[in-house]
Amino acid sequence: MKLEKNSVFLLQGDSITDFYRTEPPINAQWHLLGRGYPQYVEALLDSRYPERHIRVINRGVSGDTSKTLKARWQADTFEPRPDWVSILIGINDVWRQFDLPMEPELHVSPADYRRNLEELIETTLPKVKGLVLMAPFYMEPNRDDAMRRMTEQYAAIVRELAQKYQTVFVGLQAEFDRYFQFYNTNAMSWDRVHPNHVGAMIIARALLDAIGFDWNHVPGAED
Amino acid sequence: MKLEKNSVFLLQGDSITDFYRTEPPINAQWHLLGRGYPQYVEALLDSRYPERHIRVINRGVSGDTSKTLKARWQADTFEPRPDWVSILIGINDVWRQFDLPMEPELHVSPADYRRNLEELIETTLPKVKGLVLMAPFYMEPNRDDAMRRMTEQYAAIVRELAQKYQTVFVGLQAEFDRYFQFYNTNAMSWDRVHPNHVGAMIIARALLDAIGFDWNHVPGAED
Amino acid sequence: MKLEKNSVFLLQGDSITDFYRTEPPINAQWHLLGRGYPQYVEALLDSRYPERHIRVINRGVSGDTSKTLKARWQADTFEPRPDWVSILIGINDVWRQFDLPMEPELHVSPADYRRNLEELIETTLPKVKGLVLMAPFYMEPNRDDAMRRMTEQYAAIVRELAQKYQTVFVGLQAEFDRYFQFYNTNAMSWDRVHPNHVGAMIIARALLDAIGFDWNHVPGAED
Amino acid sequence: MKLEKNSVFLLQGDSITDFYRTEPPINAQWHLLGRGYPQYVEALLDSRYPERHIRVINRGVSGDTSKTLKARWQADTFEPRPDWVSILIGINDVWRQFDLPMEPELHVSPADYRRNLEELIETTLPKVKGLVLMAPFYMEPNRDDAMRRMTEQYAAIVRELAQKYQTVFVGLQAEFDRYFQFYNTNAMSWDRVHPNHVGAMIIARALLDAIGFDWNHVPGAED
Amino acid sequence: MKLEKNSVFLLQGDSITDFYRTEPPINAQWHLLGRGYPQYVEALLDSRYPERHIRVINRGVSGDTSKTLKARWQADTFEPRPDWVSILIGINDVWRQFDLPMEPELHVSPADYRRNLEELIETTLPKVKGLVLMAPFYMEPNRDDAMRRMTEQYAAIVRELAQKYQTVFVGLQAEFDRYFQFYNTNAMSWDRVHPNHVGAMIIARALLDAIGFDWNHVPGAED
Amino acid sequence: MKLEKNSVFLLQGDSITDFYRTEPPINAQWHLLGRGYPQYVEALLDSRYPERHIRVINRGVSGDTSKTLKARWQADTFEPRPDWVSILIGINDVWRQFDLPMEPELHVSPADYRRNLEELIETTLPKVKGLVLMAPFYMEPNRDDAMRRMTEQYAAIVRELAQKYQTVFVGLQAEFDRYFQFYNTNAMSWDRVHPNHVGAMIIARALLDAIGFDWNHVPGAED
Amino acid sequence: MKLEKNSVFLLQGDSITDFYRTEPPINAQWHLLGRGYPQYVEALLDSRYPERHIRVINRGVSGDTSKTLKARWQADTFEPRPDWVSILIGINDVWRQFDLPMEPELHVSPADYRRNLEELIETTLPKVKGLVLMAPFYMEPNRDDAMRRMTEQYAAIVRELAQKYQTVFVGLQAEFDRYFQFYNTNAMSWDRVHPNHVGAMIIARALLDAIGFDWNHVPGAED
Amino acid sequence: MKLEKNSVFLLQGDSITDFYRTEPPINAQWHLLGRGYPQYVEALLDSRYPERHIRVINRGVSGDTSKTLKARWQADTFEPRPDWVSILIGINDVWRQFDLPMEPELHVSPADYRRNLEELIETTLPKVKGLVLMAPFYMEPNRDDAMRRMTEQYAAIVRELAQKYQTVFVGLQAEFDRYFQFYNTNAMSWDRVHPNHVGAMIIARALLDAIGFDWNHVPGAED
């Protein structure tokens, strides 16, 4: 498993990452991570690999596009000195073109998306041990849907940049498509953008698989 | 994995099971299961075995002892016609003897605990395909602590009844003890009774392991 | 225009009709009709045909299926002695089969849907001057989508019953499909079930067209 | 219809325009326009002319007089680069002289009203394709009422300025007077200043008529 | 002054009497009387005639018509054994005919108004030392207004019944008309139904004048 | 009556004057004056002398002593350009010496009280037509009580300054003492500092008597 | 110390005993006793005599008089099977005669007070090991004050009944009078009825002294 | 007793001292001290030694470590000019190392703890008559527990500094250990850090004993 002992793992993104992390917490350590996939990532890491003492930090902000994420990158990402950073951004870059088509100030074009991401990557790579790029996904099973097609276009940019910069890459669309062989999209999400707890587990699983997580690791055992 | 296609799996217990399940939900399907281990159980089952279409139901009630659980058993357990039922009860039977020592009306003795459990088991076995008995645990690493010793006494009763009635048994104390080799109990719980999300994952993992869950199962694959 | 002077026109349905009608009203006469299409129906009727003095009553209840609507029909529909009644029901009968597939107690089959509707119609026809049956719709532009196909199946039942009982019929799917030639579904609805204010106007327009509303009628003029 | 494809139409005014637009929205796209006539304007434009892709923006502020509107004009009007602007202001300039007669700091005289409006018009005309001036109205059917007479004096100023600057003009008093042939003013408004939903539709209709809206336009058809 | 030592004086009516009497009180004795004219009546009686020890009770209920007042008369009026009772009812009997014209179930005709009042009077007279009938009023200075004319018709019924049953009578319309020689109606009320604190004082003054209150009475002096 | 037509009358003081004036108002003109004696002053002035068009302004602030009042005097008193000003201050200067005896920073000595008042008076006299000094009072009927004796000492300072500067003076202690011949102090106040509505009327009456108010003045009549 | 090991000590009374005991508790064991003298009684008993394991129960109800206390005595006192009971009641029996003099239905005469108390005592004595009667007090230092004199009359009845029935008696007036040699009554209470935390300690001390509490007892030591 | 007449005694610390002192107070003088041991200290001092007129001030802040306490020391401690100061700090310095082990920015090492305390002491001694150093404690009866051992290490530093600087010292661990001979730790605290009211009394008692408090002192008597 790639995260070494005492690593700090910081997760960046939009509402899918944020998922109510600023809500009044129920108890002291529980909800600092929100209720989305970051919580699952820490619960899985810490229950399987407690000997690693990994710290997971959620810095997602609801509504973010790659443009607004870029604006807060310096302040929000490097202060806790992460060893690893993951980024899941882009669905709002796309969505605003479909749900608020007449508010162009909120749209982010593919070219800008690529440029924003490259800036994030280049700023980050020199400061961390590892970077994970997660591609945006849309829980629309119809492959001809315009918004799905556009989302796949943005996801392809992520994949391409991951190769160019040799970072870890996580493609999520295929994971969700597999699930939709058994369930309608409505069973996971009403708006096809925000996954429920099952979807959060799918994201956590894909992310952990990408960094070499062993699902049968015995706590305290040699790797 | 023991749960067959279209199974209904009902989880009974106290606040560790309940975990805010009646709080206003954030979205429609997400929080009906609360924020404790039942949510993790469903997220893991459904993301790994979507082809099974398993329905998980949380019926935990905060503050319950085996005595109050018995009083609501008929009304709360059988109406949704579960195929499998799990029970995690007993820590309040013990705790009240320590935190409210002068309110004996709230205490449940080992003998009463055994009697209550047996009644639950005998009422339930004829109506279900499988029953899981989970033993209470106390996140106190000191094995000489009086409340830990008493909790282990109650846990032993559960183990004994599981053998007598040939049900699935889940012992949790050892799972938590292993974790406390790496972390202080305060990192998981301030009151040593309510686990955080990592503890919820430990419970979910132990429960799923006990019913044959394969952590590397590919969704849709033959078992 | 078919509604005669002093007519009472009662609109029945689910959340699309209800649309927050029980929320604390802003002022005395304004919000008794909620914020959905019923408000638009009254605003259009009363601003174009004030000389008719038509009373519009909203009795929609969020979450209703044809089954729960039937259960409250006697109590909720006839007490204000309506002259005309409209019904828009069915999307929840369908939706629950997709978003809560493992809770069959919430599903309504096509056969039951037909039976429920027929009972409503037969109970109502003897007591009113006119009945309007509105067909459920789903704001999914993909005609191959499973939930859209099922919704169309339920809509066809409504159309058939409207013919059988010679009531006014309002088909809404085509109206929305026309709109989606120009906008993505996300611009009107995130869940593809609840239309925004533009969709409410589309419903109001279709309903009023079906009862002979003249958009250029001058208030007070002879028809 | 005068609004061309992709036009931005910005509506300025007081509480009649504002109508709770800053209240927590019910869903994402629905209530950004408040619950008054601006919502009706967009719903009618977008349901009849979706091919035009017109963006409607509500910038009304409750309590505004022409004096306070002038103070926020630059900041509040031009930033979204409107193609068309409408203004409905003046009833508070009048009302404060009647309901708070001993607070002269809140009154706006006819001369100041004219001066304020002219400044708004002259600042705006060079920057937009069209300007609509709507005259204030008072839902008092008694033509001898002092406040109605004063309101008509302010409305006459608007009409005069519309002619002088060759803008579109919308007179609303006659529209409401026609309605009051059939209903008492109390049926529309308790304070005779804030119209209910029927009055909002009357305003929307008059505004749309003034810019050539065709009520029978078929979505997507050639004009 | 007609109220003898230790008298209980109970004031009945609608929202003009009620005026928030059930709102959380600020301190113990202060707000049991609401914030309308009943508070002024007690403050004036008790500050001028403390030696009389008169108890004032407010039993107004917002929204009441003579019909709903009659329904609660027995339960709400006689239990505290009043010596004197005053009644101010009727404006809602009239108002509903104008603001909710199509909801006839809320209207009370002149004949029903007379019948309701007579029943109240006949039930009450045998049980009290004095009865005060206050006539409804409408703060509309235009004497030709339809709702004012109807209110005056109802007020005439009160006057007539006061003569028939020889009770104290208080006519309020003239008192308000005198005030409107100096102020516009908007300065006292936006809806022309609910008076502000100046109007409450006008009502209190007229009521106290009718029962022989001496404005220059010295506390403790012989009458 | 000393207040001329169109006078502005500003009332300054502590919580007895303030009396919840900043609470959310019930309706637009009603509660800007709070619920204490200022409201009664306006209601009496305006219902008896509407032809004078007098504006009453409440600027009391709960908790004020003469020291804190002095600190906000310039900003809070002169901006609305009052013709007459009244001041009721001092009970907190005294009370803090009894209820918070060990917090000397909150106490105001008689010498400081006199100095503070003189500064207020000298700053104000040149700017107004009339000044009313009201003396603090304590609703303790026992004349030997230490706090009552101290309050009387402070009241004597007010009386003395009123004579020195030839302002209107209002002594309230005697008015309340007269009331307590008939009622226990508990019937008016639990803390003996804050009067209820009857006490507010006693203050309003004494204040109005001091400026020549005629209780039998007929609205609109020559004086 | 008279309370034996494992005793249950139940404290009955009005708001002085209740003191917010039903407010949402801050944590589990802390506030079940409210914030008045009962909390102090338990804190002192349990910190000095932990070896006795005494359970303290607060059953005070705000607003109670001896009359309303009697009405709930059976239900509220005996169910937890107390060994010792204390009663502090009567100040409301007196207070209502002074603060609500015209509401005789709320007053309790000395004769009724005696009768009510005797009934409580006779019902209770056979069921308990010890009974403590605490006399009401009024924090008015003026011994000629009417309400103080009446309170002392009621206190004398308590003393007399304590002698007649040979119960423990606690007189509190003298304790408070001693305090008022050093502080004004306002430093302890604004209404002279509800003591602050210092007064709560005075009550707790007097009560504990009366049952033989040793302030220098060492926890665990032989008595 | 060491506190002289008119002394100001200021208590500094973390949440154990703070204990909700900023919560909305129930009445004016009662809750300025919070609900923890400071309230008990004042209640005991003032009820036994009212002739001393001692002022107790609570300045505890929840969550404080010696590091954050140091940062606010100047602003929070000296402004009310205390004669005596007590400090109870350190449990959070320890606890964060156990409950948030991976957030080192929140930890305070023994060396830093000593340094912080010395700075507080040296800054304070020249300005006060007396200083009380209270040692942190952990309500864990198991002497081998890691967090208890570390707490004792920090407590030893306090004891050592008290000797070095010749201040009053209060050791609390032994007091609590004595209590736990009779009760389980759960009866006093769920998290073993925050004591309930019995624990607050134990702290108050130890603090008062350390400054020579006589539990049998008669108010007003010579010492």
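Some observations on this one:
Labels A, B, C, D, E, F, G and H are assigned to the chains in the order they are written; within every chain, residues are numbered from 1.
As a working rule, a contact is a pair of C-beta atoms (placed from the backbone, for glycine too) under 8 Å apart; a residue touches a chain by one contact, two chains touch by 3 or more.
Because the structure is predicted, anything quoted here is derived from the model rather than measured.
Contacts with subunit B and subunit E are shared by C, G.
Counted as hops between touching chains, the shortest connection from subunit E to subunit H is 2.
The rotation that brings the Cα trace of subunit C onto that of subunit D spans 180°, given to the nearest 5.
Homomeric contact subunit F/subunit H is classed as different-residue, with under half of its interface positions used by both copies. If you average the Cα atoms of subunit C and of subunit E, the two centres end up 46 Å apart. Remark: subunit B and subunit F have CA centroids separated by 67 Å (rounded to whole angstrom). Remark: subunit F and subunit G have CA centroids separated by 41 Å (rounded to whole angstrom). Chain centres here are Cα means. That of subunit A falls 62 Å from that of subunit G.
Contact with two or more other chains is made by residues 28-29, 53, 99-101, 183, 187, 190 of subunit C. In summary, the structure contains touching chain pairs A-B, A-C, A-D, A-H, B-C, B-G, B-H, C-D, C-E, D-E, D-F, E-F, E-G, F-G, F-H, G-H. Looking at the complex, you find that subunit B touches subunit G at residues 99-103. Within the complex formed with subunit C, the residues of subunit B that make contact are 6, 8, 28-29, 53-55.
Within the complex formed with subunit C, the residues of subunit A that make contact are 95, 98-101, 142, 144-147, 183-184, 186-187, 190-191, 193.
Those residues of subunit C that touch subunit D in the complex are listed here as 20, 26-30, 33, 35, 39-40, 42-44, 46-47, 50-51, 53, 178-179, 181-183, 187-188, 190, 194, 196-198, 200-202, 205, 215-216, 219-220.
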